[in-house]
Structures are given as structure tokens and as C-alpha cells.
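So, here come the structures, one by one.
One chain, subunit A, appears in both complexes that follow, with subunit B as partner in the first and subunit C in the second.
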Partner chain A sequence: MIDEIHMKPFDWLSEYRERLDDEGRLVRDADHQGLTPARRLRLEAEDWGAAARIAAAMGLRHAGVFADPPDLAPPAQTSTLPDDEEPTITLRAVLEQQGDYLVLETQVPLALPELPSQTPWYPGLDRLERHAQDLVGVRFTDHPHPHRWTRHQAWREGRFPLRADFPLAGEDQRRTQADRDYPFEALTGDGVYQIPVGPVHAGIIEPGHFRFHAEGETVLQLEARLGYVHKGIERLAVGRDAVGLARLAGRISGDSTVAHTWAACQALERASGCEVPARALVLRGLLCERERVANHIGDIGAICNDVGMAFIHMQCARLREDWQRASQAHFGHRLLMDRIIPGGVAVDLDAAAVATLRAEHEAMRRAIAPIFAIVDELPSLADRLLTTGHLQTKDARTLGCTGYVAKASGLGFDLRRDAPYPPYDALAVEVPVQQEGDVAARVRMRMHEVRQSLNLMDELLRRLPDGPIAAELPAASAGAIGLGLVEGWRGEVLAFVRFRNDGRIARYFARDPSWFTWPALERLIHGNIVPDFPVCNKSVNASYSGQDL
Partner chain B sequence: MSSSLTLLGWLLALLQALLYLALAPLLVGWVRLVKARLQGRRGPSPLQPYRDLRKLFNKDTRVAHTASPLFIIAPYLVLVATWLAAATVPLLALELPTAVIADLIVLAGLLALGRVFLALAGMDVGTAFGGFGASREMLVSALAEPAMLMAAFTLAMTAHSTNLSSVMATHLAEGLVVRPSYLFAFAALVLVAIAETGRLPVDNPATHLELTMTHEAMLLEYSGRHLALMEWAAQLKLLLYAVLIANVFVPWGIATTLTLGALLLALVAILTKLVLLGAALGLAETLFAKLRLFRVPNLLNLALLLGLLGLLSHVILEVGA
Partner chain C sequence: MLRILSQALRTGLATEPAPSTDDAELAEIGVALQRRIDARVGRSLALRQVDAGSCNGCELEIHALNNPYYDLERFGVHFVASPRHADALLVTGPISRHMEAALRRTWRAMPAPKWVIAAGDCACNGGEFGCSYACRGSVDQVLPVDVSVPGCPPTPLDFLRALLAALSMPER
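So, the complex of A and B:
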């Protein structure tokens, strides 16, 4: 397999196992075919919390947790399990250090799906666990905030949309009730008042509710309430074929369509043992970098606009629009949706297009130089962006942030360098970090990534090999699982797939990096003034749709 | 003064007041056009604010369930107070019958009256946005008003009157003399004008972000006719300050006799001054990002200091000279 060439030794895995053994935790190795390059360990459900405690003590990063319920009835058979075996829910947690991934797995009986929470040691998991609780019905016994998260009022308490007995169309077709009684954490004190913002905002952005507690203009506490764009992605994935799943993944979050589709395809290909042609891999890299450039340029402009610097906003908007029109011209879609397909890519470049793209990259370099210089140097902008929205390295690490949010706070993790998948395995991706952790650092990080992506794209075009652009996806074996890990523009995008007996999808979970950057926003806003929230929010720009699923 | 001349004077005063109402949207449209061009956009026609007002007047006016009668009368009061204030500032001619009330203190008082109702209306419905908008408006105006009065007193000390007409007439009679006190007062008044009219870098009139708003936050609950009146009042206020600065510091062109020729010249002169001032505002708004909220007091303290320096320099340099 392609991936095995780049496997590095897991120098922390034996220590982790030793520590688990020392505590008398029963650990079994499991076959990691499909999950490659990740390893896989099986645990007892009661050791789930202890495993997180030990991992946190070793400084491992938690990359997310998701539950896998018993199969919804596929057309041919009723269950993947022998009749005498009790149906179970499988939980998987992904840990990472030094670019090496470990999947922890445990099972709880469907009849009594209870296990310890990992949130006490990894606060970033808070909402992921509650998501599993709302959709699959797993109960985390010592969860610090056990109330609902993804469930608003669209389905009743005690009903779980990912369980086999829940109808695809939903149970109740009446108009959904307003979500009134969500228990926000209250803060009381002299002069403390609440500001409810959203879910409908004035700008063209996604819906989400923010509950501020402020004293004068100072923010004392921010709590986000998301889930307004819950689309039932995970349920819609069930029973799809590979091509259908890739299309669905591309619609999780429009601005990350390439990253999510790529991650899903990577998972599908690893699960079924598909060898993707080299040309397709390079083209995927090109698409992903194009997405990164488009989003960063748009966001840099939007950040400046939030502090009243409309000039930069307009220039960046123009550049982004030109860029997306070029995407349409070369690849057939402004946002590059559905350009990546299982087994390869859907669109090829001819020699003329390669030359045009090179020229466009050069033109973009020239166009951004004076704009980025203003962003870097204008005193009145610096006055607004420096020291605003400071995210401590400690918080970024505890929450498991990746991407520019983490890099601006001193955490230099980038899959393209630390766990490189093709085509990045052949490229040298530098990952500089900023230590400041403020809005200005996140802007600088994004400007750096734009320039870097332009160079990477030139390099990819230089290395574009001849050959086919897609391979046939082999039929996956029953129950085959795969893990996809891609460095999207927001950071690490994770996708998990499991196949059913009939070659269709039994389970798909996509973990957008926003799961961890939303809580980061709640921490970095602390002590800032209310009117600085929009620029802090924009500098993080977590996806609503990507985390609501 | 003969009775026919007085009648003509009153007619002109009325015309001038109506001209304020008519020109106010155009100045905003012009500033927006300048900004759009400087940002590299084509931008809407400078007549767009008129179309927006017409649209708002034709729309349904919705009032929140929690609103008190104050919420409904506030737009009228704010517009009338601002309009009256504007009418006291000579636009085309000095020596009009209204010159008697054209007093800087009256002007500040009328503007304060409008602001009080604006802030009350902002808090009336009980939303968080209106509340902090009102709170920020009061923070800004509490600091801007003393600075404005300082600048006004500087002018008044030269003219020995707080009457605007006299101030302008004095300046006109003196000819082209550079008075240090006027330069300080000019700088102070420009800063006050920027803060009071909610322009960058104090407030961003183009933003959609409720949390960052000051003036707009108080208007969020308004719709239709009410919103149109509030918008119009804000446009009037911008025009008022622009004319104040233009005619006090550069009074040349304003009609001192009520002849047709002089009045036409005055119209051309004031339009030219407004075009230049509007362009300068557009340029400044393009060059600067918005200040962090708690830096705004520093800016207004600077305005107050400039006003004081104006007073001092008048006493030290100009008295007896």
C-alpha cells in the first residue's frame, strides 16, 4: 500500500500500552487494515475514561470520538452479527502524536449503552460526545454537561436518528418547535447582563446562537449554541454507494468541499484497498490548495472589513472572485465541488491549462503582495488586530485545535508535513508557527499559507505525472473500515467509513476541525470587549455546517 | 429693514431649511460614491439614498410589541430637532431673520435633544443591541459635547458672540487671516463632527455587525417610515456639521446681501465646499480602520484639548493684537 511507505515508528505507543497495562486495563491489538496509517487498540468500555486520562497525561492530541450503532437494516439481511450475539454500539476515539494516529475502540451493549466520558480530560470532546449521545443514544456517565447538543426540537428526547428504528424521513412532519429551554450556563453578578445574538445574523453567514455574559463592554463568558444547520449527514450516508457518499461529503460545508470529499474518498479507498493513480493524487493536492487560497483570501478581507477597513475587503473579494471563476474555467466548478471522486478525480488538465494556471499563480502573487503589505503594516489595522482575541497555547492544545488557529498559538501541526499523504509525501511543506495567538497572528498565518499554497501548486504542476486520473474502486469486503485524514484549509479533516455486507455504506462520520475551534473561540474571547467579537470570530471562522452535520 | 425684505428673508430662511432636507441624502450618496471608487468599486449612484428613503417610506412600518409610545414619536422628534438645529446654521445667506436664533449653544442643545430621544428609543424595546448602542452613544456624546463647546467658545471669543451669523460675518470681514485659535478650533470641530455623525474611525456606518454598532444599533428595531425618518435625521446631521465647518472656517461665498446673484453664487460656493469635504471624508474613511471602542475617548479627549488650546491661543496670541 502507498501509505505504508511513510509509516514512522510509533515511539509513544508502547509507553501508552505499558501505562494501560500498569493500571490493569485490558487492551487488545486489532487489525488496522483500512485504518492505516493509524493503529488500532480495543478496550473494555469501563476503561474508556482511564484511556483518555493516560493519553492526556502523555500529551496526546485527541482527534475526535464517534459512535457506530448496529446497522440499519440493509436490504438483504438484518444484521451483521450472528443471531445469538447481543447488538452493540461501537465507539471509536482517535489519538495523535507526532503524526502517528491511534484508534481506540470499545463496545457497549445497545440495551445499556453507558460508558465513562473522556471529556474530563479532553474538554474539546464535550460536544462530540453529546452529538453521539443525541444521535446514537450513548450515555457518558460522568460527562460534565450531559444536556443535549445537536438535538434541538426536531426529534423527541429518547429517540436517536442513527438507530435502526428511526425512519429516514423523520418521525414528526409537523413544524419544528422553537428551541426554548436550552440550559445556558448562567452567570450572575452586579451589572452582569446577557446579550443573545443570533441564530439569524445580519451578514451572509450561517446560523448559530451566541450567548454573551458581559459587564459593561467586557465579555465575561460566551457560550455558543449550534446545531441550526443539522442536515442529518450521517443518516443520509447510510446505504449510499461510494460515489454517492463522496457527493454527500462534498456538501457538509461548502467552503471545505474539497477537503471533506478528499477525506471521505481516502477513507473509502483505504477501506477497499484502492490504488489511486499518481496523476489523480497530484490533481487532488492542487484542488485542495486552491480551496485553501480562496478561503484564506476571502477571510483576510472579511477580517479587515470587521474592523472597518473596507478597502482590503473589496480587493480580497475581487481576487477571490477571479480565483473562483478560474476554478470554474479549469475544473468546472467555482467551489470545486464533486471534482474528487472515489478512485481519483473527475476532471483532467491539459498542457495549455497547466501553463495558464502557472501564469495565474504568478498573477495572484503579484496581486496579493501590495494588499498583504497593507494588512501587515497599516497602523490603524495593527491597533485593532494585535493582542485582540488571544488564544493561549495551553488552550489550543487542550482543545485539540489544528490548522491556522493552532499554528497562530504556537502549535505547529500540519498533516501535510507530519503525517504526509500523497502527493504531499514528495513535497517539503514547511510549517512555521506564530506564538502570539491573537487575531493578527491568525491573519499572518493565513497570509503565509496563501503564499505557501501558491508555491506548492507550482511544485505540484511541475510534478504532474502522466497517466489515468481515476481507478476503479474495488468492492469492499463486508464490514471493511477506513479512516481518511486530510489537511483542509481549516485544519485536520477526519473521515471514517464502514461498509455494509452489500458494499454500501453502513457508517460515515466526518469530523471537521471546527468541533475544536468553536470552543477555542469561547476561550479566546474572554476578557475582550463585545464589539471585538466579530473580528475574533472571523479570525477563527469555524464552520457551522461542518460541525452541525 | 422693510417689511418686504423681512418677508423675503423669511422665505429664504424657509427655502434654506428645505434645502437642508433636500441636500442631506445627496451628501451621503456622494461620500459613498467616493468611498466606492477609492475601494475600486463602481458604487451606486449618488442618488441612491433618495431611492432608499422612498423605499422605506413606502414600506410597512412594524413596531415591536414591547414598544412604548416613545418609540413611535422618537423618529419625528429626532428629525425635527435635527432639522431645527440645521436651520440655525447659515447655508446660503447671513442676516436672515433666523439669524437671531442661529446660536452655537442653541445648536448644541437641539442636537442633544435629538440624541436623548434617539438613545431612549434605542433602549425602549428592551433588546440588548439597542441598550448598548444607547450606552455607547452616550459615552461618545458625553465626551464630544464639551469638546464642541470649547471649539464654539474659541470662535465666540473672536466674534464676541455665540451667534453663528456674527461669527461668520466677523471672519468674512477680517479677510484671509490665519488665526491659530481657528486652526485649533477647526481640528477640534472636525473630530467632534466625525464622532457625532458616526463616521469612521469612531463608528462604521456601513457595517452589518450589530455587536460593533453605535448609531445603527439604536435603529435596529425601526422599520419603514420610522426608519426613513431616523436615517434622514442622521443624513441631516452629517450635512449640518459639514456646512458648519465649511461656512464657519471658510465663509467666503456666502451671501451677505439678499440679491439673486449673491444667492446663486452662495449656492455654488457651498456645493463646491461640500463636494470637497465629502471627498475628504470618503478618503479618510478609506484610509483608517475603525478605532477600538475604548480608544474613542482618547480621540475625543484630543478634541477637547484642541478646543482648550484654541481658547488659550486666542487669549495669549490674539487678544489685543
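So, the complex of A and C:
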């Protein structure tokens, strides 16, 4: 039943099972069918909260929770249950430690979809659970903030867009009203005042609402209200074919188009048993590192700009433009959208392009050296960035942060090293960390990652094997599921896919790392002055679109 | 400080013309754009950008308009923080219903001529998202659109061409 030979030693799973056993929690079986590289444990719904409590006590990282409702259409044939069983909603929660992934799974009846919340032990899940509540109608009985999150005024309370009885076009074609009556947490006291900001911000930036409580210049509390760019991505995924799903995944967050497309394709390929050609895998790694470099360089400039250092901003904007033009020249798209497709990649490199790319990497290395040296050492930058927006290690850990936000606060997790997928399984990826946790540390992390990615890309080009760049995606069996896990530039990107019996998508969920870095921003801004919010925000740069879905 | 000066000197002028195939085109569009702005507005053109459900790909390319290569401001176009200062509204995204009211309010706050530019495939025709319970499907479902800029996302040059087209429209 348990296919041990394909798995590396999973040090903590037996202890976790023992602890569940000790409390008399019923674990139905453990396998990893369809969810490779993760293992799977099935639990009773009533044990859902206890499973999180035990996991938290063992220090496991929670990588997110999502609900899988009964199929939209056609319901009878695609159900994996016998017809006489009542319809259920499946919940899946993903845990990780030392690069080993475990998926907890449970089911609740559609007629009474209630179970304990995991948020009391993993505060980073707060909004993910409320997202499942608003879109699928799962009720988390002891959730500390049970009010709506993703739902504003586009659909009514008690109606759920991912349920079969909800029309794709919606139920109300009148103008959608502005959101109102959202219960922001109030803070009162002498001299405490509120600053509401957004959804439309002053710059060229995504929309969202920030509610500050401040006293004088000092931020006492920040609460983000997101969901303004909710596009119904999970609903739009239903019924798509694999190619269509990959395109949709590429537009979850435009700045992470490579990472999300890769994660979705990984999930599709694992669910259908597709062998991706080695050359395609190396090219995917190249694309993903290019995306990392582009975003970090742009953001380093923007962070400096937020403290008045326009010089660095213009230097970085120039380099980013060079980089994007090269992406257009070599791969055919400035942001690298739709370059990854199910089964492989859409574009190949010839020998001349490989040589040009190498030269460009070297040119970029030389170009960033003097600029990064200034960022590292300029006293006026240090004055604004050091100790600003400090995220404590324990907050980063409790919230489940990954990527440069976690690494700058002392948490050294990186899928490319800790759970390596090809092509990274053949590379040595070092993951240094910073302990300071401030804006300056996040900038240093990003500068390091730019240099590292340039080296990794050279290594990938050296290892670029000959061969095809794509394979046919085999037909997936009905109900086949797959998990995709990719280290995007923001951190761990997770994708879950379930197929219907007609080879089309029944369920797609993509968890951007921003789900956990938005709450980190709310914590790290505490005690800073209001005018430092932009630089703190940019140093984290969570995606609105990636979170709103 | 010395290092900054040295880096600035070494970098020189990045603003195009520079060795690139886009050169002639960029300069040509830019000059034409500047002439139209002089004729139509008689001062610089103020743009207000609103993301109404974009995946943020369009925003990245709009940001690029301000980089030293395109340097939009030299043609007399600049982005403003308030719709009350704006001549034109640059809208991206498939108009998520959750942004619908905010978008209408932004438009109402603008003084005439209130040009509206739908930027990107989503804003033009719904793109990958279309019309659903969550999205209106295009800007023209909500506001009168003067110019559309297709592309996923449109390139900075596409944006410049669209601005030129907006300013070449007959008076409403």
C-alpha cells in the first residue's frame, strides 16, 4: 500500500502519526498516490483542528488549505463516490518540514460542511480558510475571525461561486456596489486615529485597502482588506483543458507568470504521468531564474525610490528593461508568459542564443556590481532601511512565510535545495539567511538571489541537454490529482489539480506565497512611522492578484 | 558619493535613441505624440492609471514607460496621483466587480475631457478571464472607451501608439 521505495526517508511522519494515535485520532490510510512528492493522510473532520495543533507542536510549516467541492458538471459521472453516497466537500491541508510534504485530507458533507479551524494554531491560514468559506461554503466552527474575506458585494451571503448551483455568469447583473460594513478591528485610545487607504492607490499599483491605526506618526495597527481584483480564477479553471489551464495559471500574478505556469504544469504532468523531456526542464529552470532576476532588480530599485534614492531606481529600471528586451529576443515575450506549456516549453534556444545568453549574464553581473555596492554601503540608504520593517523570526515561522521574506528573518527554506525538482535536483543551490529581518536584510537577500540566479543560469546552460522540448500530455484518468511545487521569486508556489472524467479540469487551486506575506506586512509595520509604509510594503511586495484569485 | 557619480558617468544617457530596432519608431511616435498633446491640451497630458482586476502584467509594462529608455515624460505625458488632475484614465484588467464602484468613482472625479484608454486584452475584451460572476469582462461595459490597446500585456511602444491615437480622436 505504501510505496516506500520511491520516497526518501520521512523522519517526522511516523512521529506525527504516533502523536495522532496517542490522542485516539483515527488516521485512515497514508499514501502518496497522485500527490507525489507529498504523502497523504486521511483524517476524520472532527480531528482537523487537533491535527493542526499536533503539527504546530512539532514545528511543521503549514503551506495552505483549500476546499474541493463536488463537481460542477456533469455531476453524476464525474463523482468519485458511488451514487448513493451523499455529496461531500474535500479539504486538503499541506504541511512541510525538511522538504518533506504531507497532505492532510478530510471530507465534510455538502449538506453540513462544518469542521474545526486550523487557524488557532496557524494564523497564516486565517484568510485561506475564509476564502474557502466564501467560495465553497465551508464553515470553520472555531475560526477567530469568521467574517467574509474574498466576498465583497459581487455575490450574496450564503451563495458560493464554486458550488454546482451557482451560475458562472453570477446571479445579479446590476452594478456591483462598493464594499461596505467590513468589520475592521477597531483600536481606540487618546490620540489614536485611522487612515483609510485605497482601493485605488496613488501610484501605478494594484488595488487593495489598508486601514491604519496610528498615534502621531507611529503605526499601531495595520489591517489589509484585499479581494478587489478577485477574478474568479478557480471557477474559470473548471472545464478547461490542460493548455487552457496553463494559460490561466500564467495570469494569476503577471510578475510570477513563469512560476505559476510551471507549478500548474507540474501538477498536470504528475496527475497524468507525463515525462517531461530533460531539455524542457532545464529551459524551465532558465525561465524561472530569469523571472527572479527581473523582479528582484526592479524591486531593489523601487525600494530605493521609496526612500528618495531615484538614482538607483533609474539604474535598476534600465537594467530591467535590458533584461526584458533580451527575454523578448530569446524567448519571444518580455514577461515570459506562456513559454511553459503542459509537457514542456514552447520555445527552444539555438547554439547562438546560448552563447548570447552567457554573454548577457556576464554583462549583467558587471552591471549590477557597482550599483549593488552602492545599495550595500550608502549611509543615507542604511539610515532609512536598517531596522525598518522588522519581521521577527517567530512571526515569519508562525505565518508560514517563504522566499526572501522568510530568508531575511532567519528561515532558510528553499524548494530548490530542500525538495528539489528537476532541473534543480542536479544543481547545488545554497540558501544563506539573514537574521536581521528588516528592509535592509530583504534587500540584501534579493541582491544575493540575483547573483545566485545568474550563476545558476550559467550552470543550466552548461547542462542543457539535446532532445525534444515538449512531450504529449497523456490522458489523465478520471479523478486524477496532482500537486505542483515551485520556488518562484516570491517563494513557494503551490498548485493543486484534479481532473474530471472527460480529461478536463475539475478543480484548480493555486497558492501564491503572498497569502502568508500579506499578514507578515501587517506585523512588520507595527511601530514604524506611516511614511515608511511604502518602503516596507515594497520590500515584501506581496501580490494582490495572486492572493485575490 | 564618488561611486554614484562614477556610476552615473559610466552609464551615460540610457534614454533612446540608443542601439535598438525600436529607436526610430519610438522617436517618431514620441514626437508625433508631443505635437498632438501641444495641439490638444496645450500643456502636458496627465494620466491616471487604475488597475481593475489586472494580473499586474500590464502594470509592469506601464512602469516600464517611465524607465530611462522610454522616458515618457519627455514627450509631455505624466502620471498623476489624483483623478482630479487627470485628462485621461488608463484602465487595466477585466473590471473585477469588486473594483467596479471604485472605477466609476475615479472616472466621475475626473474633469473633462475624461479620455478613457482600455489597456491590455483584459480591458479590451476580457482576455483570459472574460465575463463572469467576478468580472464585467471589459472597460466598455462600465465606462465609455476612447482607445483600446490590445496585448497581453501591451508593450511600452503599444502604449505610446495608443496615447497618440487617443489624442488624434475628433472632439467629442
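The rule is simple: the second predicted complex is superposed on the first by the 533 of 549 C-alpha atoms of A that agree within 3 Å, B and C clash if a C-alpha of one lies under 4 Å from a C-alpha of the other, contacts with A are read in each partner's own complex, and residues count from 1 in each chain.
Following the convention adopted for this analysis, a residue touches a chain if its C-beta (ideal position, glycine included) is under 8 Å from a C-beta of that chain, and two chains touch if they have at least 3 such contacts.
Because the structure is a prediction, the values reported are computed rather than measured.
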| item | value |
| --- | --- |
| First (subunit B), second (subunit C), both or neither touched by A:I252 | second |
| Partner chain in contact with A:G232 - subunit B first, subunit C second, else both or neither | second |
| Partner chain in contact with A:D532 - subunit B first, subunit C second, else both or neither | first |
| Contacts of A:P207 with subunit B and subunit C, given as first, second, both or neither | second |
| First (subunit B), second (subunit C), both or neither touched by A:V192 | neither |
| Which superposed partner A:A164 touches (first subunit B, second subunit C, both, neither) | neither |
| Partner touching more residues of subunit A, whether subunit B or subunit C | C |
| Subunit B versus subunit C as contact partner of A:S543, first or second or both or neither | second |
| First (subunit B), second (subunit C), both or neither touched by A:A353 | neither |
| Which superposed partner A:M314 touches (first subunit B, second subunit C, both, neither) | both |
| Subunit C-contacting residues of subunit A that also contact subunit B | 202-203, 311, 314-315, 318, 378 |
| Contact set on subunit A toward subunit B in their complex | 193-197, 202-203, 217, 304, 306-311, 313-315, 318, 378, 380-381, 383-384, 388, 529-534 |
| Of subunit A, residues touching subunit C in the complex | 152-155, 161, 166-171, 175-179, 199-200, 202-207, 227-233, 235-236, 247-248, 251-255, 257, 298, 311, 314-315, 317-318, 320-321, 324-325, 334-335, 337, 370-371, 373-374, 378, 543-545, 548 |
| Subunit A-touching residues of subunit B, taken from the complex the two chains share | 35, 38-41, 128-129, 131-132, 200-201, 204, 206-212, 286-295 |
| Of subunit C, residues touching subunit A in the complex | 3-4, 6-8, 10-11, 14, 20, 49-64, 66-69, 79, 81-82, 93-94, 96-102, 104-106, 127-135, 152-153, 155 |
